[in-house]
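The two complexes that follow have chain A in common; it is paired with chain B in the first and with chain C in the second.
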Partner chain A sequence: MSDLRPRGLPARLPVLWPAAMLLLFFVVPFGIMLAVSFSHQVEGGFYEPGFELANYARFLDPFFGRALLFSFWISVLAAAIVIAVAFPFTYCLTRLRRRAQVPFLVFVLAVLSLSEVIIGFAWSTLLSRTAGLSNLLVWIGLIPRAQAWTPSFGALLMGLCYLGFPYTVLILYPALSRLDPEIPEASRTLGASPLRTFFLVIVPVLRAPLLGALIMVFVFNLGAYLLPQVLGRPQHWTLSVHITDQAVFQSNLPFAAAMAIFLVLFSLAFIGLTMVLGGQREAAR
Partner chain B sequence: MTRSLRNLFMGLVVLFMALPLVVVAGVSLNGGQQLLFPPRNPSLRWYAELFIAQDWLNALTNSLIIAISSAALALAIAFPLAWFVWRYRTGYGRLLYGLGIAPFTLPPVITALGFLVFWTAAGWHGSIVATIVSHAVFLVTLPLVTISLGLAAIDRQVIEAATTMGADEATVFRTVVLPLVRPYLISSYAFVFVLSLNEYIVAYMVAGFTVETLPIKIFNSLRYGYTPVMGVVAVVFVLLAALIFGLIARFGDLPKLLGAWSKE
Partner chain C sequence: MSGLRIDHVGKTFGMFEALKDIDLDFPAGRFICLLGPSGCGKTTLLRAIAGLEMPSTGRILLDGTDITSVPAHRRGLGMVFQSLALFPHLSVGENIAYGLRIRGVDLATRRRKVEELLALVHLPGVADRSISQLSGGQRQRVAIARALALDPKLFLLDEPLSALDAKLREAMQVELKLLQQRLGISTIVVTHDQREALTMADIVVVMDNARVQQVGPPLEIYRNPVNAFVADFIGTSNLLPGAVDGQDSLSIDGIRMAGARPHGLAQGSKAAISIRPEEVVIHPAGELGPNRLPAEVIFVRDLGASVEIMLACAGQELLAVTSPRERSDVQVGDRVALELPPAACVVLPS
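On to the complex of A and B.
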């Protein structure tokens, strides 16, 4: 290829259209949202332009603090559980022959694409009294009567793990499938058991992608919006639910926008952390 | 891990992933209104309901229109950008690429709220066009990443050979680049199509009260009680996704598409 820089307008034409679309429909909305977050809320669901920090001051409310803490806590917890299962799963998956991997990948992709609504519905059915797992326990004779296990914290946690699992597998897949097979082989030759190899060789070698995946799943979980409403009680509402609630039902757009901006900064801080970790890994090579 | 232990572990995980789907498929077969498992008086009447009942059919049509058009639009935005970033080394190209990745990395509620305020300001709030454009921009990350992967896999020497033989930019694009990235174009169209079909929060914030998509319809109905039709939608969506990804795997190299090395 001759030149690496575009010369003249015709060469730049292909990029103008995507640039316009992304600027108009992603950057501009973001800008408006930022402006709205500083606007003044008026009674009756309207707001007038202005510059005030009142919406941000509401972050000091115990209401907001509780929602934030809860979102943080359940997202971290679900991310940790998911990584603990998905990492060994993906490792086993990548050790299979390529053809054998395909059905698993198709299944994982199919579950990944499922709407949160459907996952919420599926889990609430699975944990319900009439069609749920508890009937199985009754049938075995473990409990006397079928019971509903949803809505509850456990149900929500389960749903979040289900939602995050396929996502995590796909994040970990590239790093794990590129792992040099000679590394575990060497460990085996030197006499380490498979489990020892996994924990003392594979995990340390891949700790950077592992940590990166943990943070990405955490941010992904923060975005869960429907599951807390379907599988949780009102005290289990996460920040995402509150943002929508304020925007759509309380008609308080400025406060919703302020919370969204906060969530952006919060997520960006964590994504930045992932990049720093990734950068260190590159540097270490 | 020894082979049997590994198989047991993988089997358990797959069972856990399949369990909700099995139960949902079961309740969708109920003859009555109730969601029972195992189903009572098994029948397929709720499958017919999805395609006959006006409100479900409406939601289905909306979802399909949005998914078909937003996937096309997302591709139309992503392809030129991916090509440009691959062809030239420019700062603004990379910046735009980063911008294209952003909607997918942030919690979706943020992008959704951005669209809400934007379309309200533009006066298009509640229109299906707004939903289509929003979905295309929201999901543009997928084709952008997938197509870039496909472009990166092209051997630069092939391009050089074509140029040396006297092909100009347009000819190289038409005869070399396009055929080589075609599988990636098709799979990214499928990715966006499936995800748009299942997307809730953006569609809801942009036009939730006027343009009811299937996920919105399900969530609205959840409040008034569960019906087996929801199970039907879940089953149809899972099968559709499995079919589409299965086809991609059949005609392409799925492991490579997802980031494994090209061949072992």
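On to the complex of A and C.
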């Protein structure tokens, strides 16, 4: 057996390029952030190099613990709602003829082209008391007087779902398009109603892309920075907002860095757990 | 009344007519092949029977009951799909037991039934394997076992063997036929392969252009095609155009050729003689006799088991097949006389 692996610089180039990118734009900044998170914050000034765990110890403060838990809770909830809405939507979409799919895809892409700022302020207007949808309900006669629905937890959830929906559709679309239409049909001929076919065959067959979409929307939500401030109350601020608040307005970079690192580790743990659970079910079959 | 009745069924997709006035009657327990080129409507017809397409017009009756508007999951028919459509997330056993699980059959009965079915398709002991561990032929058998698990009244197969290689396909054709005979189950197979149809079917339905062209036992269709399409599609056929010249004869290049049966066509109208390659007899040029045409040898292909001789005759290319033992000693370029025995000549309108 001879070693046929390519040698020399040209052969290694395909690895070097992404490795260099990763090093330059991820490993180095992350290292700096890590170093900063252990630095000493000078009261009323800038930080100075050092090694102390004081910044991490502040997590024991229930205020930030609650912010972290809230960030996770709303990110998971919004991701679950988006998947529950977008998966049937995409499934029905892929069952249409190619030509009929185009307007829907254009619509989804159009939503994608809106910035978070526009979406945030549009929803805050739509849910407001003066110009919002509640006036429509008053006009129909369902409620006696106009109400302000924002800022609130529901408004924030709504905004996050709206933002995540087009991404989810675009992630699920290729996998669902490739699904052999005869697979659900086989389930039908074997006596399963369309609804049972959906849950017994379509969902489990597409478990991997579903899991992928769930993780992506979750991470996406976790990074939401603008929407919690536009559509939520201060108690609805996610960790991302607190990080910005500490870094920009309180000038406490070490604590902001510690929170950011904590957020990264927490999300990685969550993603790992999801993948392990998903993989285990596969192995059990 | 037992069996399947397709009562003047039509199906349109937008502007496209996939089925035109299909009217068929199949007695129970037969092996039926829907045969035709792609796009002829055969798969649409099978899907309409399975309940996966709703006919635009007409009715479908099973054992005298109208099932036209019964949804697919309440028809209780077994179907094998062209892609096989095995569930990739389930094991072999779970695939086969899927229908039983839907019906709420208990686990022990399901296990027993799975083993029975796997034995039936000659694939014992693979119940716990995953689908991806099976070969193409084994998947085929699993799909058949799954479709038979609910003891269906009708067993439908859509081009079931098209994904297999030629050798395995031939073996599976025989096996499928033997399985059907053993179970006595009414079976409908869609295929575009005429050899497949001739091997397996009790009744062949030849379809083209959304219409049924001919229905009958395979040999009957082979020997007595009703039109040029059927003659050409079933096996290889030679078509020699000419003009009608009498009740059962045709004039080709001024030579009167007798056919097998009266054709009822008007004197002088255009028609063609259809003759199978194996019926053509080659004589040396100048040897006289009835029903002969002059021809020239273009090409000789010796395949070992048979010899194919291509000839130019009456402005057409014509194929003759003989066995090596009966092979007449002809060379490319030889002038010969072709005998077309009247019993083998079918006169068709053209």
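By definition in this document, the second predicted complex is superposed on the first by the 240 of 285 C-alpha atoms of A that agree within 3 Å, B and C clash if a C-alpha of one lies under 4 Å from a C-alpha of the other, contacts with A are read in each partner's own complex, and residues count from 1 in each chain.
By our rule, a contact is a pair of C-beta atoms (placed from the backbone, for glycine too) under 8 Å apart; a residue touches a chain by one contact, two chains touch by 3 or more.
If you're wondering where the values come from, they're calculated on a predicted model, not measured in any experiment.
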Request  = Report for A:Phe198: first if it touches chain B alone, second if chain C alone, otherwise both or neither.
outcome  = first
Ask   = In the superposed model, does chain B or chain C contact more residues of chain A?
value = B
Query = Does chain B (first) or chain C (second) touch A:Leu265, or do both, or does neither?
reply = neither
Inquiry  = According to the stated criteria, A:Ile140 is in contact with first (chain B), second (chain C), both, or neither; which is it?
reply    = neither
Task = Examine A:Glu116 and indicate which partner it touches, taking first as chain B and second as chain C; both and neither are also allowed.
result = first
Query = Between chain B (first) and chain C (second), which does A:Leu9 come into contact with in this model arrangement: first, second, both, or neither?
reply = neither
Query = Who does A:Leu60 touch here: chain B (first), chain C (second), both, or neither?
reply = neither
Ask   = Between chain B (first) and chain C (second), which, if any, makes contact with A:Tyr173: first, second, both or neither?
value = first
Inquiry  = Quick check on my understanding: which residues of chain A belong to both its chain B contact set and its chain C contact set?
reply    = 194
Request  = Please give the residue numbers of chain C that touch chain A in the complex, ascending.
outcome  = 50-52, 71-79, 81-83, 85-91, 94, 98-99, 102-103, 130, 146-147, 149-150
Request  = Under the touch definition given earlier, write down the residues of chain A that touch chain C in their complex.
outcome  = 180, 182-183, 185-194, 196-197, 200-201, 204-205, 207, 285
Inquiry  = Give the list of chain A residues in touch with chain B in this complex.
reply    = 1-6, 11, 14-15, 17-19, 21-22, 25-30, 32-33, 36, 85, 88-89, 92-95, 98, 101-102, 104-111, 113-126, 128, 130-132, 135, 162, 165-166, 170, 173-174, 177-178, 194-195, 198, 216, 219-220, 222-223, 225-226, 230, 240, 243-244, 247-248, 253, 256-257, 260, 263-264, 267-268, 271
Query = Can you list the chain B residues touching chain A in their complex?
reply = 1-2, 5-6, 9-10, 13-14, 16-21, 23-24, 26-27, 34-37, 76-78, 80-81, 83-84, 87-90, 92-93, 96, 99-100, 102-103, 105-118, 121, 133-134, 136-137, 140, 156, 159-160, 163, 194-195, 197-201, 204-205, 208, 214-215, 218-219, 222, 226, 230-231, 233-234, 237-238, 241-242, 245-246, 249, 254-255, 258-261, 264
